[in-house]
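Shared between the two complexes below is chain A, which has chain B as its partner in the first and chain C in the second.
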Partner chain A sequence: MLANSKRDPLETLKQFTPARIGVGRTGTRPLTKDVLQFRTDHAAAVDSVYGTVPDKILSEFNLFSVTTQVESMEHYLKRPDHGRLLADDAKAFLQKNCLQAPEVQVVVSDGLSAKAIEENLSDVYPALIDSLESYNLQIGTSFFVKGGRVACMDEIGEILKPKALVLLIGERPGLMSAESMSAYMCYQPGKGKKESDRMVISNIHKRGTPPIEAAAHIGTLIDKMLQQQTSGVHLIV
Partner chain B sequence: MTSIGLDIGTSTTKLIISELLIAQSHDQFTLPGCQIIDRRVTYASSIYTTPMVNEVEIDVEQLTQLLQKEYKQAGVTLEQVHAGAVIITGESARKQNAEKIVHYLAEHAGNFVVATAGADLEGVLAAKGSGAIERSTQIGEIIANIDVGGGTANIALCQDGNVIETFTLHVGGRLIRLDKDGQVTYVSSYLTEFLENSFNPLRKGEKASFEQLSSICQLMAEETVNYVKGSRKASSLLVSPHTRSAIHPDTLLVSGGVGAMTKGKKPETLEEVTVHGDISPLLAYHFQALGVSQAPETARATVIGAGMQNTEVSGSTVYIKSDRLPLKNIPIVDVPVQQEEEWEPERFQERVQQALTQASTLYSEDDPPVALALSHFPYCSYTMLQQLTKVILAEFTACFKEAKCLVVLCEQDIAKALGQALAKQSKTLDIICLDQIDFTHGDFIDLGLPVAGEAISVSVKTLAFSS
Partner chain C sequence: MYKTTTLLGETFSFHSLKEIMAKANEERSGDELAGISAGSMKERMAAKQVLADLTLSEIRNYPLLSPDEDNVSALIENQLEAAVYEIIKNWTVAELREYILSDQHVSDDLLTLSQGLSSEMIAATAKIMSNLDLIQAASKIEVQTTCQTTIGQKGILASRAQPNHPSDNIKGMRASLYEALSYGIGDAVIGINPVIDTTDNIYALLHETKNVINEWSIPTQNCVLSHVTSQMRAIEKGAPADLIFQSLAGTEAGNDSFGISLSMLDEATALIKEKGTAAGPNRWYFETGQGSELSSEAHFGIDQVTLEARCYGLARHYKPFIVNTVVGFIGPEYLYNSKQVLRAGLEDHFMGKMHGLPMGVDVCYTNHMDADQNDMDNLSMLLGTAGVNFMIGVPMADDCMLNYQSLSYHDIATVRQVLGQTPAPLFALWLEEQGITQNGRFTSKAGDPTIFMNLT
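What follows is the complex of A and B.
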């Protein structure tokens, strides 16, 4: 059927994906403009890994900062296990400054893309707080974890004992989007929790999952987690 | 979900029963989604002559009997029908019939069946039912679906699965009726001007020759095809004023009762023309002669469209804080969010104010009075959401002081965030906020009950009964 089409069928297919398809070539090589675009996107991805979240955004939402056992970005990349553990002084700091055993704890982390937090936090965070409040949930003291991995949720769970935890974390950047954020959620996080206990809404950015709608939906999921007292694959959604 | 479609037309009435299969996507990583994945006709009635009391009034009693018989035959009870539409077309869509039919529906067709009328919607439903819309998604062409029935031809231009333009012409098989000797028993007054212009006056009581009828049908078909193709910019046969856009369809399909006859052989004699006591076979032949192809579904196109395609499901992340569902016949008030380059809350406020003030003169007594439909929705930041919410609430409460329920519709996936924001700022109103609804071709919306998760069934429709 496509063969009869007046419109270029490749153009139609391209509308379905931002991926680099049908870019053409000259001889055996891609076109210069595509090579340059590829390099630009790659550089943006690298930049977001090595970037830092501006203090201004964190202070806008009163988020104080703690660190993990990671000391540098090289260290972070080589030792994922260290990104899951908080620095020694962080534990005492959280115990002292945070509400203990709240219904919902919100944590923000740069993860693999500081850019993701920079771009999306100002839309997702306030909308998330609104959403949680609309379900009348008690929200703990939110903070920022520098150099965190997803499973740092477990140690935070051990320290603060929240019923549910939401971690907003920068995703591994791709060549399509370097500013994509994920929201991981877990009921009673703690040591020994499995990947299957966690839930995620991924690809949150302007051209992906709409940030404020994602935030609104997180509230619904958390409410369900608290009602059913479970999360991950056990949660009936 | 069982859905029925009933098409009460000028000349014929038909019914279909279909099953809609709804699936919820359980992708772990994205927002939940919900859609109708299969629509299947499970029962199609035979085609009946519309029972009439007199020239214009529908015989509701006979219609009831007919429907009861068909429900029984199909093995469906009223309680099982969860959705569907009755489309009242052509001459039947008169005001004196409207009220009767609406009452009748609630009692005899099932609670969630909606009444619709209006030539635009008819064209859209016919294009959906005939297969024209589906074909437009498969090939990159603009397809015109011409649904020729007894009284009117409803045209819808389709591209990439969407209807981009609709209009209606007074072209139909029963506009001229005659007995088998060619004695004319009826000529629609809509044809008078057209016939005079074509030097072919034909009046009731006269005897028509085969050649005369053939030439009239040819002219009617040509007029239609030329107007649809856009090579003619005006026509005396237009039902309502219409400015033909510059869109030129690549393919023309014909459906409807006349469409069904396009594959027959050419009528050669008056007797062959008048098998149904009208000019349908001859009109069909002339469409065929002009190279218009037959649509995949013809006589039942509109009823299939009404039964299977009229019901949609909303997005899955929606906000419903109200026990009022189901709600019927809520007028849609369309307000563009962002017409300018940049988002300007003041300009949006002006538009909301203007639209709602106008609507408040018409619908202030109902609750919810209107459904505010937000079109031209750009990317929405948290700041913008707050401004949007403030404007909507301020203007809504100013225009509808008595209202206790606010309904907001949008195309983009934003309803839950918007609903939560509205509820946060207004503690007194019931809020219903739905997304992923295409309201381009409707004036009213019916909201059903949840069908899967939070998603509810909706029907967007028109209700233009002529006087």
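What follows is the complex of A and C.
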């Protein structure tokens, strides 16, 4: 069933899956190049978890930085609940420096992959702003949250009261891509919001969902949320 | 229950069995996240000392979660074989450990003993055992089960081929499966984790895995690991399934968050017996893993080792063909690093075997965990020596759909070779017939997936 090609049969098989097949062996062990490639891909994934987003990227878009209650990467990994809560000084800072109750608030966070932000923000962020502006939406003061989890949206929602919020956050890296970003969206985020109230566009990177396409899609969804005044499983798309 | 003990000049008090059980655990991030772990090494040892002196009847008489409030508790309580329990009820946990480890007690003795033990008693024993204790005890217990074929015999290391594809592409699944078969992987089950949980897709994947089995007369069983209800709908429509799958939790509330109930499991049991394609009698494939109850806020302050044991108490009621703990999948907030994953893998394997279950382990980790493939090499060898029934293999250890790392097809072949273990008997014969092995050793065909392409 799989052999309708005159090409090398192994190449035929390999084209059907991104899985690491047809690698061969010496004894029962894989060949050296495949072992080292695998370990290299793992190294890239680990580095993106433990990396930091360069200040240059953040200043390019005038994003100031606040922190969560997380104090180190180990702390972040062990206490997801602390990554959902902003540091005490962050709350006052946001109240002082951000537009209150905008139609759309955009937040960026490193999450589990600083590399995802480093690689994708320059493409996604301006396109997202363009997309939101094309719907004539009022955009709040964007900022960066270091050590954020997805549900930090709720506390930000309580502080700034936006109608809708977009969180661009680094995903848990895989070996295929260590630089994949997600966009989480919620209508009127705040205490008591459930996962089913949020919407997500995941796998945003150059070989996944293209950044520009993702930005356009986010704009469309946000516009629908504001029209229908809901999000998540309740939104009709 | 109130217990107090003095250790190294310091007095420690414990106010409940729940507290003793939690604090007696080896260190793990999930217990810290739940706020129930020991505050110091000394307190941990004090809890272990107190636990070792408790009798089995004390453990039974102080339920961590009342059978009136939780149907998993009720099931575990009702399973207890009174005749066996009466003999052992005055043993301490320390004596239970020593009975299990004694040379005088072989597999049958331990499986008989098992009938009088609750999941909490088995968990308690694991907490006062060292890693080598867990290996030694588990290695004595032989649990054979039969679906289409039989696995679990002494000296047999079976394997699940996990040919997942990021979009459930049938040709891609086949390509990955051919690779598995060419390394002698797939004797426990050919099992797909689907991306799309629709009846039509489950139906298609069950058909396609069965087609490969039929085309090549492979002595194994197929399974698609979706939610049990979507498998049931596919099977009702006539999809060929040897096994039916479900993830389990150790509390009723945890199972509720998985969207399952005991009556649903009963219904699935009846359906797979009536309409499944295997001779049986064992037709369930269950998966578990420490931390799932905490992640769904269904843990009732009970530690994750005890909750994992309770999953096995639930599983054994259904006489499964295979049970698998997905030990390193859940993430660093439950098992932080390789030391914790390794310990949990050995605990789960022992506790499952002590329940009389056909235990396998998905030796695995995620990229935000402090672990790497060398740690999986270590754990796979330890589990091999402990006599694990099966392990899971994916191409080059990289699951391109679930985005985590497990063992490679190569790794399982290597563990077999190093430890002198073989695939399931019928599957080993099939490998010889296909010319993949000769007298149990790889031939030049081994590792070549193209031998399964129909070139006519």
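Here is the rule we use: the second predicted complex is superposed on the first by the 226 of 237 C-alpha atoms of A that agree within 3 Å, B and C clash if a C-alpha of one lies under 4 Å from a C-alpha of the other, contacts with A are read in each partner's own complex, and residues count from 1 in each chain.
Keep this in mind: a residue touches a chain if its C-beta (ideal position, glycine included) is under 8 Å from a C-beta of that chain, and two chains touch if they have at least 3 such contacts.
Since the structure is predicted, the reported quantities are computational estimates derived from the model, not experimental observations.
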| item | value |
| --- | --- |
| Fit or clash - chain C, chain B, common chain A | fit |
| Chain B versus chain C as contact partner of A:20, first or second or both or neither | second |
| Touching partner for A:112 - first (chain B), second (chain C), both, neither | second |
| First (chain B), second (chain C), both or neither touched by A:174 | second |
| Which superposed partner A:54 touches (first chain B, second chain C, both, neither) | neither |
| First (chain B), second (chain C), both or neither touched by A:237 | first |
| Which superposed partner A:29 touches (first chain B, second chain C, both, neither) | second |
| Vertex chain A angle, Cα centres of chain C and chain B, expressed to the nearest 10 degrees | 100 |
| Partner chain(s) touched by A:10 [first = chain B, second = chain C, both, neither] | second |
| First (chain B), second (chain C), both or neither touched by A:79 | second |
| Chain C versus chain B - closest C-alpha approach in the superposed model, Å | 9 |
| Common interface residues of chain A - those touching chain B in one complex and chain C in the other | 1-2, 9, 12 |
| Contact set on chain B toward chain A in their complex | 26, 28-32, 138-141, 250, 317, 319, 379-382, 385, 412-417, 419-421, 423-424, 453 |
| Chain B partner contacts - residues on chain A that touch it in the complex | 1-2, 4-7, 9, 12, 122-124, 126-127, 130-131, 133-134, 199-203, 206, 209-217, 219-220, 237 |
| Residue numbers on chain C that touch chain A, as the complex places them | 29, 32-33, 163-166, 169, 171-176, 178-179, 183, 331-333, 336, 366-368, 372-373, 394-398, 400, 403-405, 408, 410, 413-414, 417, 442, 446-450, 453-455 |
| Touch list for chain A against partner chain C, complex | 1-3, 9-10, 12-14, 16-25, 27-30, 34, 38-39, 41-42, 45-46, 49, 74, 77-81, 112, 172-176, 178 |
